[in-house]
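Shared chain: chain A. Partners: chain B in the first complex, chain C in the second.
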Partner chain A sequence: MKVKKFLYSQKVAPYVFVLPFIISFTIFWIYPLISTVTMSFQSILPGQVEFVRLENYTKLLKDKAFHIAIKNSFTYMVWTLILLIPFPMLFAVLVDSNLVKASGFWKAVLYLPSLTSVVISGILFRLMFTEYPTSQMNKLLAFFGNEPMAWLKNGTTGMFALLLLACWRWTGVNMLYFLSGLKGIDASLYESAEIDGANGWEKFRYITIPLLKPTTIYVLTISVYAGLAMFLESYMLWAGNSSPKNIGLTIVGYLYKRGIEKNQLGYASAVGLVLLVIALIINIVQLILNGTFKKEER
Partner chain B sequence: MKRKVLSALLCAAMATSLFAGCGGGSDDKSADNAATDDAAAGDDAASDDAAADDAAGDDAAEEEVAEESTEAAPDAVSTVGPDSGTHMEMWSFVEMHNEFYAKMLEKWNEENPDRQIQITFTTYPFGDMHNKLIMALQTGEGAPDLCDIERGQFPNFLQGEPQLYALNDALEPYMADLVQSRFDIYAKDGTYYGAPTHVGATVMYYNDELLSSYGVDYKTIKTWDDYTEAAKKVNEASGGEVKMTSVDTGGTDWLWIAMAEHGEDYTDAEGKVTVPESWNKMLTMQQGWINDGLAIVSPDGQLDTEGGRQAIMDGKIASFPKALWYMSRFLSYSNGELDTMDAPGKWAIAPCPVFEEGQPRSVGIGGTGTVVTNQSVDPALAAEFISYAKCSYDGCVGIWEELGFDVCNTSVWKDTAITQDTSNKYIAFFKTNPFDVLNEIEKEIGAVTVNQNVFVLQDYINVNTLNAIMEDGQDVTEALQEAQDAVDLEQ
Partner chain C sequence: MAKKNKGGMVRRNPVASALATLLFAVLGFLVIFPVLAGFLASFRPGVELLRRGLSINFDFSTMNLDNWKLLFTKNGSSQKYFMWFKNSMVLTLITVVLTLMICYFVAYGLSMYEYRLKNVLFFLVIATMMVPFEILMLPLYREMMTLNLMNTAAGVILPGLCGASTIFFFRQYMIGLPKELLDAARIDGATEYGICVKIMLPITKPAFASMAILCTMGAWNNMLWPMMVFRDAEKFTLPIGLNTLLTPYGNDYDLLIVGSMFGIIPIFVVFLCFQRYFIEGMTVGAVKG
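Moving on to the complex of A and B:
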């Protein structure tokens, strides 16, 4: 009887419901976060763990490979923002409008790539982008009368391959976010705008975009983090963590390289914390500028 | 009521999915557990195993380079030995190694009825296996009893307090017959942690059929100048279709040869690394070949890769230097059939050219040290077994016959029953007898130190320097200085 009372108590119930989250959050997030901070001040080897104060961080300042990794991750993130927000939004609007027939089909086609495994699609992209004259991309170049090129040995073309993979995979997902945002816009707004004589563009500009803002901010926030934390795509495209002249090295790739491949977990923890700080700064600034933290006007 | 059942079901589903991530993998061996007391019945997943595909190959020239998969899924698992024996786990990154150990295990069990062992062998891709082992040793949990470690990766496992079992006692009975320097590369402060597989003497592989069709006799090539001349001849005669060789952007074999020929090493007494002078000579020469169209850049960075082997098969390159273990790449088994990379009798083996006559003509490259971890159920027994399997005379003969490696016991090199055995697949395949070459250069095989700093330098060279020099035409001296700066950051 007591158990039943406990379970049905309105005071306890909320805590019971959030408990699984709190527990997993504490075990899998809070604890690792604290231990990462500690480890970033240590040198960690089997049987020899010692505090080295700021040594890991001062080394990071001088570490060129790390700077390349930051640059790569940052470039990748900026490009994914440019490519993966406006276009999916446009596609969502089109699919949602009467202009496109068989919209269900297009939704499915665009969404399908995100169901594939990055490991498999990464291998396929690698094969498409090999330097041999027989690879798809070089066949395509040959069709237009160009010489084959070593796609994955050059910074620009390597980044192009990464971005193509990202767009192929994520356009559909972001489109779905925007579609769900569009569903939340009241149709009567469009009707009254029509009565007032607004054309298609004006409706998009003055109704759709402002009312999609919460969705856009959400997509922006997760894209910033996803862009900075990208690892697997690069790992698969270059068949490992080593790309020529580090053109595909990302921050997380570098963390993996130092922590796992070179057995320097302390140094890798410092890399991870720098990533955390960068992502936090960008997102907080972005959220402040977007007015997310402002109290709603009444 | 219905709703209650439904919600209970949902909760259960959520709870299971929460833990789903944790369980996997632990019982992957059970599938094959019932399998085979017969070691030789190894799956054919094996043969693909040599397929290495790490374009930027981490290390000098490992005997095996990383595979493309990123998943930690094992390529093959098999259990050998009686259930009553002490049960152990063993990992390798080469299926052929595991097959060999399985055969030696059967012999061990025949000879030691009171000390039976049962081993579950698992083959993982190169990078995954080393990463898994590092983590297992660091955390003190989940390591196998026995494990292969590639030479270039070995310094990683000697950092701090090595979590490995000392093999000194177990190796002692065999050491006198074996090349001492191969033990030293797996040692720290006089303690031996790895049982060596082979010497890895580097030689030149020449496609004699192709070369003689262009009027080049490989036997007359003694110096790198001769080699460059021959390269010009090949390039002209073939109209640029065939090149003499390919230079690596993801491997340091050529650099090791240059170092050994000049009697240099990159480490000083304190283990500090300096880029050797000889590298400048070698890389300048190679950059010249590229500029003059006498050589290509190795597809996929070096020749022990899918693309590299393809270039050899297609006759795009007529020669290359590799350690003797590369012989096994010419011959592989698929579905029990011998599958050769090229027609027998075409390829010849010879000592490497030198910068100046009289210099030593070879260097030991690659290698696998097999270790016993301190997490083993019976480390002493594991150590005795692996020393027997790899370092006893029978073990060495087995390594040669199964794997085609130049074993550490040099008396095998001179045992005519072995060296003149024309039924041996390697002796039959090559135009020259590998042992003739080996015995000729026996005293000239240089050794290069590999420590943690070397590991850093090689990684940098493979990722940056070689690409910058060969692909972008960066000045050699400048590129090497950048490499030195990068390694100085760590030491």
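Moving on to the complex of A and C:
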């Protein structure tokens, strides 16, 4: 009876409610996070764990495949930022501007690809990018009078395939993010700007872009993370985790290869930590540049 | 009420309007294109895909229903496929129900009371968002082995139950609700848990709808973690199963293409029915920053 009264008191109840989070946080977040740090200083073989200090990291410095993986992940991330922020923003402004007819329909259509799993979209893109002259991409080349190519055997065209897949899947989603940001902008701002004689570009430049900043920062943050952590897209396009000359290898792909395929958990953990540090640095720098911390001080 | 013109464009210039609409028609076409190509290809032998790759092809004379018949008659392939399909359904259902329940309770605890650790706890929720899952998957994998949860549904579901973004969404929603309701209920003799379940839960229904859809989509399409946990082919979910068909010899491409197309349908139907909630659930983080 006493226990019941205790559990039902207004002071204790909130802790009961958040208890699942505390448990899950401890077991599935803090513990793995700490163990990934400790594992990165170890060499782990079945039944034999050895402390090797910085050996994993010094090996990483010299590991050519890892350098390729970093380069690929970065290239991919930077290109997704270039392609998946300005264009969706522009599309959102167009949809919001009343110029586009049946805009609700197009919104839904552009959102569709994100419903498909990476497996299904990956299979479709893989098959469209095959090297046969009859594949979609080579038919397109033939239409412009070019020879067919082996898209997925060359670094540049392979990256192009990855980026096209990313644009296909996420343009609509990012557009919706920007649309919801636009909904929050007071229409009277545009009206008063019009009275002051601002043209379309000026309104976009001096009202839309600054007021969309929170949305842009949000999209930027998730894109940086998603870009750096990309793995399955490449896994599907090359039907597995190995691509010719590692053109499709990403940081997470390398972590998976070392940790799961080769069972080198220590080395793979070092890869993971490098990724974590990179992701955190980029985001902190980005947040400082955008003045997010300043705002909170006020 | 007429929609207000904003976004800095010239007001309804017919030429501009036609051009903008055309742009979206082109974009829409590009978006539909791969799915349409895949759909048309599902009416042709899978070997074609292996020999010729995928391209859009409206030649109806070469099309037949063989693959779809393969999927819907009783045979080894269709049994395998619908086993994966069922596994995905069950796993998705359990994941969504448990995630919503737990995240609702946690968010309730984080928004309806004032106590010392509240802000710290909320900060921790946000912190979990800052670390990509991919970094934790190896230690989690090892942990699952120690806990004997490999190859089990529990091993797949448990680590994701307290999804930070779901908790965040519920909290944002509930923070805007009037707290006077709670005091009124307390005076009427309701317990803390009774208030949570009987009074606040019905009010939070719209948030449940949004999150249910997003969780469904996430669970239905989830691949990386289930792929690491599940070992036996009988336990595979649809994405993992389809992936196993992508062999270099292509002996199962019939099933691969038709199964991929059929696999889009459930989530597509959910989308068509609940479009409004999709957008709401997705965009809360973007607006609140």
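Assume the second predicted complex is superposed on the first by the 271 of 298 C-alpha atoms of A that agree within 3 Å, B and C clash if a C-alpha of one lies under 4 Å from a C-alpha of the other, contacts with A are read in each partner's own complex, and residues count from 1 in each chain.
FYI, contacts are C-beta pairs under 8 Å (C-beta built on N, C-alpha and C of every residue); 3 or more make two chains touch, one makes a residue touch a chain.
Being a predicted model, the structure only gives us computed values, none of them experimental.
Residue contacts after overlaying the shared chain place A:Pro46 against chain B, while chain C stays out of touching range.
Of the two partner chains, chain C is the only one that A:Gly181 touches; chain B does not reach it.
In the superposed pair of complexes, A:Ser24 makes contact with chain B and with chain C alike. Using the contact criterion defined above for the overlaid structures, shared-chain residue A:Ser223 touches neither chain B nor chain C, since it reaches no partner.
Residue contacts after overlaying the shared chain place A:Leu265 against chain B and chain C alike. With both complexes placed on chain A, chain A has more residues touched by C than by the other of chain B and chain C.
Residue contacts after overlaying the shared chain place A:Thr80 against neither chain B nor chain C. In the superposed model, A:Ser234 lies in contact with neither chain B nor chain C. Of the two partner chains, chain B and chain C are each touched by A:Val119. In the superposition on chain A, A:Pro244 contacts chain B only, with no contact to chain C. Touching of chain A by both chain B and chain C, each in its own complex, is seen for residues 20, 24, 119, 123, 131-132, 232, 236, 239, 260, 265.
Remark: chain A residues 20, 24, 44-48, 59, 62-65, 119, 123, 131-132, 150, 153, 232, 235-236, 238-246, 260-263, 265 touch chain B in the complex.
Across the complex, chain C is touched by residues 8-11, 13-18, 20-22, 24-25, 27-29, 31-33, 35-36, 39, 91, 93-103, 106, 108-113, 115-121, 123-132, 134-136, 138-139, 168, 171-173, 176-177, 179-185, 187, 190, 200-204, 207-208, 214-215, 217-219, 225, 228-229, 231-232, 236, 239, 252, 255, 259-260, 265, 268-269, 272-273, 275-276, 279-280, 283 of chain A. By the touch criterion stated above, chain C contacts chain A in their complex at residues 3-13, 16-17, 20-21, 23-25, 27-28, 30-32, 34-35, 37-38, 41, 49, 51-56, 102, 105-106, 108-110, 112-113, 115, 117-118, 121, 124-125, 128, 130-136, 138-143, 158-159, 161-162, 167, 186, 191-193, 196, 217, 220-221, 223-224, 228, 238-239, 242-243, 246, 248, 256-257, 260, 263-264, 267-268, 271, 275, 278-279, 282-283, 285-287, 289. For chain B in complex with chain A, the touching residues are 14, 18, 53-58, 66, 68-71, 127, 130-131, 134-135, 137-138, 156, 159-163, 249-250, 299, 301, 307, 455-456, 459, 462-464, 467-468, 471, 486, 489.
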